[in-house]
């Protein structure tokens, strides 16, 4: 592995060019997973049959690999005439895959709030909307902030999967350079370093948040 | 090809999936235990370097790790089989996650347990081995099962370095017959059948071990 | 102090959890300004009864009128008319003491923030805890928290107050401060139903003491009669046990 500064710079440039797209995919997928996971969890609480169905769906999502889910949407949708760009399919797959995990986070976040909280709010004559959004939701968000943050880091770290369906995020761009120059070692190493810095920084922020929340809940 | 043929064709890749999983465990378990224990007991610079190693394996995307080692080891003259590269990168990645629950379990143990051990005249390693580890195993079991699931799912990535696992078999079959719905449904089904029992088992364990301890919450988001 | 206006009228109340009958043929009229203490062994239905009154539990048979209103479709109005204090305080941990008290005033009564805070502060004053207004519940002792919970309920100017074992999860040295606040309320003429095993409090404050067993009201009498000459054998056995 000879040291080739121009080559390294070229790779770095490509990686940084693809960074906005990568972060955008991660961000949108976080939002998608959040909303979908919340919907799953709400539906699970509606009634028993629906609850069992939701549980099965969530388990299915969690029991199959992300890569396979991506392939599934990427190859099966066009078969039925639904042709979507790789970014869209990828973002969708990421959202769905992680919604299965976030649903469980929501569940745990709600379950750990004592029943007395909503009872006290109801007893004060608060409307159901206020009970949900003024009393339960803030406590739930505090409970789930840290685990949710961890999953958001995971979503960022899963964006390279999208390279396999030709999305030009950081991994895709790096692979492109690598395959056109037949040099894989340096590009992958650099990409690894960039991802490591990004993900470790994010994880560090989550951990700080966790510590602060822990202190504030001891108030 | 009928759905059944496709499904059978995919199952031919099961042995690779399982081989990589078992080899991966051989890396994940020792690494997770040792790294977690070291991180708990070491201080200062040596602790920081252990943390650094764990963070490297945890915070770098596993796909990037796998490609990195698959392509760069030969350039420094190390020739390993694809199986070994895949199993070691997947295993160390999963093990790095596991190390965090080892450390958390150690920290959660009651100080009184260690003191009781000292009071009985045991040495520190003996206390770790006979008192702390057995208690930790109980607390860590659900996490362990979750990590196992992540490992099995991770093995699908070996298809990208040309190993003929179930995912790769599906791609091979798709060259023979154009039926994406059947092929990819069969592939999803194959993984589901393999992993659903483990998922159920893991949830059962979680309920048994994590009753009211709030541990459930801590565990979330640490292992994907 | 006790007048002839009925604030809470319970008639022929029957309640089942699946096929377990938790309340059997309960009849109870609570007069304006009356203080009622309910006691009885664990599982006798005390909590269930007072939770039915503000519909935290639904019931299958009978009727409960609060302030003469039998139509309970308007749950919100009903619940704003009766205040409730729980054994576990149930303060909202993410809100300050003051906000705990003003939440329902601003959201349910539609008061301005400043007006709501005036009301809340005067009631916190009444339970002698005004100086803690800006703290969070987790920073207070159990007795302080329970007094805040009482103030929070009082903010809605309820026509009646329900207490479900308000001192049962308190350390002994804090029980008195809460009971004192409740006794003050009683002497101000607040209509109250209080589930408690503090018999000293019952003797001092109650107009009527009710003994429940296995979902029924077994005995209801003025405290002096209840404690000196209970008619029912089960009441006697119960009193013997706890006194």
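Chains: A, B and C, in written order; residue numbering restarts at 1 for each.
As a working rule, contacts are C-beta pairs under 8 Å (C-beta built on N, C-alpha and C of every residue); 3 or more make two chains touch, one makes a residue touch a chain.
For clarity, every value in this text was computed on a predicted model and none was experimentally measured.
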Which word fits the touch map of the chains here: line, ring, star, complete or other? line
Which chain pair shares more contacting C-beta pairs: A-C, or A-B? A-B
Report the most central chain, judged by the distance from each chain's C-alpha mean to the global C-alpha mean. A
Subunit B to subunit C, mean C-alpha position gap in Å, rounds to 54
Per the C-alpha centroid definition, the whole-Å distance linking subunit A and subunit C comes out as 46
Computed distance of Cα centres, subunit B from subunit A, in Å: 19
Counting only contacts in the complex, subunit B reaches subunit A at residues 55-56, 58-65, 67-68, 70-72, 75-76, 149, 153-157, 159-160, 167, 170, 174, 180-181, 183-185, 187-188, 191-192, 195-196, 198-200, 214, 216-218, 220-222, 224
Quick one: in the complex, what on subunit A touches subunit B? 1, 59-60, 62-69, 71-72, 75-76, 78-80, 98, 101, 104-105, 108-109, 112, 143, 146-151, 153-154, 157-161, 163-164, 171, 175, 178, 184-186, 188-189, 191-192, 195-196, 199-200, 203
Which part of subunit C faces subunit A closely enough to touch in the complex? 54, 56, 76-80, 83-84, 86, 88, 90-94, 103-104, 107-108, 135-136, 138-139, 149, 152-153, 156
List the residues on subunit A that touch subunit C in their complex, please. 114, 116-117, 119-127, 130, 134-135, 138-139, 142, 217-219
